[in-house]
Structures are given as structure tokens and as C-alpha cells.
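Structures given as C-alpha cells follow.
Both complexes below contain chain A, partnered by chain B and then by chain C.
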Partner chain A sequence: MFKDLDPILHSQLRLAVMSLLISVREAEFTFLKEKTNATAGNLSVQINKLKDAGYIQVKKQFKDNYPQTLCSITDTGIAAFEKYVRDLQSYLQTGAA
Partner chain B sequence: MEDKTLSSAASLQLIDSMINKARNRFSENGHLYLVWGWSIFFITLAQFFIIRYQLLAKPQLLWMLTFVPWLYMMIYLRKKQHTETVRTYTEEITGYVWLVFVAMMFLNGLILGKAKAFQAILPLTLVLYGMPTTISGIVLRFRPLVLGGAACGLLAIGSLFADYAHQHLFLSAAVAAAWILPGYLLRRRYRTLLQH
Partner chain C sequence: MEEKQMSELESLQVISTMIQKAKTSYHDKGTGAMLWGVVITVCSLSTWAQLHYKYELPFDIWLLTVVAVVPTIILSIREGRRRKVKGYDETAMNWVWTCFGIAIFLTVHANNAVSAAFGDIKDAVEAAGGARPAIYYSDYSSAFMLMVYGIPTLVSAGIKNFKPMLIGGIVCWLSAIAVVYTDRATDMLLMALSATCAWLIPGIILYVKSRKLQAA
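Then we have the complex of A and B:
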């Protein structure tokens, strides 16, 4: 049966960020930017959307006098990501059947 | 990459590709294994000769020399932390395992020293060497470290049958098997991965 996909995750850049963060403990903004090839502005907007949804945690601090943004996935984010993958799989199976 | 929606198949492909990008990051270059390994190797070897030929009244003072590589390692780790843009679960687990190891080593020395069980200090030290080495090998999926950890266990048993001076040679062999050899192999693996 078709399940509605989570609109927060069903977007290329937000899904890429979540997929990166689910594999690591925490990552800097620069790491996410490098791996996704996104622009800083767009990435920043999408990170805020994920943060507002409670899917990721954003920590801002200073490192060597430069601002540093650290992102990590939350328990809510992990649960949402797992549900999203399950929904995708069931959707694909339904489509294949 | 943009803020656009994807087909279900493309979404799964993207998830797979991003997870691989994060997972394929292997940051263990073996440097600290080599620094610490060679330091302990030379100290234990020197200890053997000093005790065997009674060259110094207090040979245990030689362990104070480990402060130099320890200080170097702390500075190295601090610098590394500053340049890293990501911290993986693997790094976090291995970091804590080695931290617990240091605490256990300290307690091991303290308890056995107080109990004057000098003959048991080095065999138990070897057992403790094996623990973080094996766990790091499993977490990093690096067989030479796992085998090095197992070697520590076997050498610990072997050292029970040696006198205090010769136990130091068992320690040298364990350090070579658990840290020096895997350290060189880790360095080679790291350089190979960097090239690709």
C-alpha cells in the first residue's frame, strides 16, 4: 500500500545531508558542503529546515577564532530516516508488483 | 546539489552514495601506533638489559621516558582535532577504548605495585595491551590489529614462565606484533586509500 513520503526528507539536498549525518557522529558544515557540492546559502537553508523539524542538532562554536557549525543527527531524525527508507522500499515493492 | 524532490529509486541511490562517501573515510594513518610502539619497544628492551646486567639501581625510572612520546601524542591529537571536519563513530569508540586502557594501565600498576606482585605486573600489562588493540582492529575492520591483540594474550601466558627480566622481552615482542607491525600496515593502507 502506498505511504506518503516524509516531505522534509523527500528533497535531494536534505536527504543527502541526513544520509551523511546518519553515518557519522558529527560533521562540520564544511564537510557537508564538500560532500554534497551544494552552495553555502542553500545548504544553510536546508540545514535550518532539518533543525526546525527536530531531525538534526546544530551547534555553533569558535575554532581558532573562526565560527564553526557542527551538525549531528537526533534520535527523532534517525527514526524519521529509518521510516523514510522503509516507506521508500514498500513504495518500490508496490510499484514493482 | 539542489532542493528538488526525487523519484523513489533516485532517493535510495542518493542515500547509498552519501552513506558510502561518509563510510569510506579512513583516517587512521598508523602514526601514533608507530610512535608509541617504537617508544615502548626501546624502553622494554633497555629495561631487559638494565635488569639482566644490573646496570641501574632503579630501572623502573626508565618508564618516565614515556612522558616524551605521550606529550607528543597529546599535541598531535590536538592538532588533528583542529583539522578534522567530521568525527565518526569509529573514531569516537576507539578514542574512548584507548582512554579506558590508559586508566586501566595506571590502576594495574598501582594495585599490583602496592600488593608487591611484581611478577604479575608485566603479564597483566600484556593482557591489557591486547584489549584495546583487538577492539580497535574489530572496529576498524583491520585484521593485523586483531591478530596483534591475540598475540598479546599468547605472550601474556608465555611470560608467566619467564623471570622478571625476560618478561620485558615478551613485552617488546607484543609491542612489535600489536602496534609496530600493524602501524606500518595501517600507514600503507592509508596511503593507498589517499591515492584513490
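Then we have the complex of A and C:
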């Protein structure tokens, strides 16, 4: 029986953001933009969706008089990401069998 | 990258690509390691030269280590400002090297106190009519310094999986054993060798690597 993949994570840009954030403690918005090659507007929308789901934390502050947005993954986000990978593995294993 | 639905294989590809990108996003430039490698090597070789050629500098060369703290702090703040991402290993490394700095201060403090106590004991023996014992605590104190040098070097090597630093850490600890049996001049040569292997050479390797990655 296939488990449903988390719809929040099963989207290219949101999954990319989560994969980047799971590897680091904290990342700037500009870093995520640079690595995902996404537009600022689209990335901002997807980050808000992840934030609303409780998967990431967004901290806004000023650095050298410029606004800075810092993102980090939450414990809920880590658990959801791990479950997503497990579900993905079960899909692929079933597909290969 | 757009917001689109993917197949399971595409999902896996996104995950592995992004994890790889995050991994290669930050590289230590090795400037701190190079700086301290040079400072400790210069101080040790200068002390060796003073002992070997029997002359004295008008100031304590080891004060350079205090001076080197300033550029270390400036470099660390500047790198922190430039960085767009903070990794988990970086946090661990910061803690390890901060603890190292404190441990070195505590070791120097304890060594100075024990050295003074040695002097008092020798004075007491002499006052009691005995010959002044020809034993110097400074012949042994380098062992504690080298032991402390080795700890953050080996921990960093483990965290970063960086072989040159692992070799450097081992050199520090082997030197910590050796200096117990050698005179102070030789201790200083071993200390210079340890600083070169533990920090200067790995620092240069890191610097060259980061320049190559920047150019790529």
C-alpha cells in the first residue's frame, strides 16, 4: 500500500529549500535563491508555505543596515523530511520489485 | 526552479543535488590556521635560537601570541559577516577552538604557578645547605602545551574529515611524549614542527583549495 507523499514537500522548489536547510544550521534567503535559481517572489511564496506548515523558521533582521532573512529547519520539518524520504524509498522499492 | 509536481526519482534527484550544493557552499580559507601556524612556529624557533646561541631578545617573543588574537578576531568577524550560511560543523568548530584558547590560557597559568613553586623548592633546598637541584620545570611544561595543541587539531580533523590536520594532531601528541625526555631547546624545535604540521601546512592546503574553488 502506497503512503501518500507529503504534499507540502512534494513540490520541486519547497523540497529543494528543505534539502538545503536540512544540511545547514541556518541560511540566508539570498543563499537559498542562489542555490535553487528561483525568482525572489516565487521563493518567498514557497518559504511562507513551509513556514505556515511549521517546517521552517524565518527570522528577519538587519545586517549592515540591510534587511536580512534567515531560514532554519524546525524539528517538525526534520521529522516531515525524514518521513518524506522514507515514503519515497518505499515507493521506489515497490517500483523496483 | 519552479513550483511543480515531480516523479519519485526527480524528488530524489532534487534532494541529493541540494544536499551536495549545501555541502560545497562553504569552505574554510585556512587563514586562521596559517596565522597561528606561523606565530607558534616563529615563537618556538626564536626561543630555540635564543637557547642555542645563548642570547636574549629584549622582549618575550611569546607576546606575539597575544598580538595575534586581534587579527584572529577581526578575521573571524569578517568571515562571519560574509557568510550566507551557517553549518553544524562550523558551530562545533567555533566551540572547540574557543575552548582551546581558554585551555591554553589555563595551561600557561598553571605552568607559571608550578614553575614558581619549583623555584621556591630549589631555594629551600639551597637554604638548607644542599646543592641547588638542576631540574627545570620548563623542560616538561611544553608537554602540556603540545597535548592541548593536539586536542582541537584532532577534533577538527575528525569533524572535517581532513587528513593533513589528523597527521598534525598526531605529531603534536608524539611531540608531547618526546619533549619529556629532551632539553628545552629541542622541545622548541618539536613545538615548531608540531605547529607547522598541525596548522601551517593544513592552513596552506585549505587556502589553495578555497582559491581553486573560487576560481572554478
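Some points to look at:
By definition in this document, the second predicted complex is superposed on the first by the 97 of 97 C-alpha atoms of A that agree within 3 Å, B and C clash if a C-alpha of one lies under 4 Å from a C-alpha of the other, contacts with A are read in each partner's own complex, and residues count from 1 in each chain.
Just so we're on the same page, a contact is a pair of C-beta atoms (placed from the backbone, for glycine too) under 8 Å apart; a residue touches a chain by one contact, two chains touch by 3 or more.
These numbers come from a predicted model, not from an experiment.
On the superposed chain A, the two partners chain B and chain C do not both fit; they clash. Once the two complexes are overlaid on the shared chain, A:92 sits against chain B and chain C alike. In the superposition on chain A, contact is made by A:31 with both chain B and chain C. Once chain A of one complex is fitted onto chain A of the other, the partner contacts of A:10 extend to both chain B and chain C.
Of the two partner chains, neither chain B nor chain C is touched by A:58.
Of the two partner chains placed by the overlay, neither chain B nor chain C lies in contact with A:79. Of the two partner chains placed by superposition, chain B and chain C are both touched by A:20. Legend: residue contacts after superposition of the two complexes on their common chain; A:42 is shown touching both chain B and chain C.
When the two complexes are laid over each other on chain A, chain A has residues 5, 10-16, 19-20, 22-28, 30-31, 34-38, 42, 45-46, 63-64, 85, 88, 91-92, 95 in contact with both chain B and chain C.
Of all the residues in chain A, the ones that touch chain B in their complex are 5, 10-16, 19-20, 22-28, 30-31, 34-38, 42, 45-46, 63-64, 85, 88-89, 91-92, 95.
Interface residues of chain C facing chain A in the complex, by the touch rule stated above, are 1-6, 8-12, 14-15, 17-19, 21-23, 25, 81, 84-88, 90-91.
Per the touch definition, chain B reaches chain A in the complex via residues 1-6, 8-9, 11-12, 14-15, 17-19, 21-23, 82, 85-89, 91-92.
Interface of chain A with chain C (complex): residues 5, 10-16, 19-20, 22-28, 30-31, 34-38, 42, 45-46, 63-64, 85, 88, 91-92, 95.
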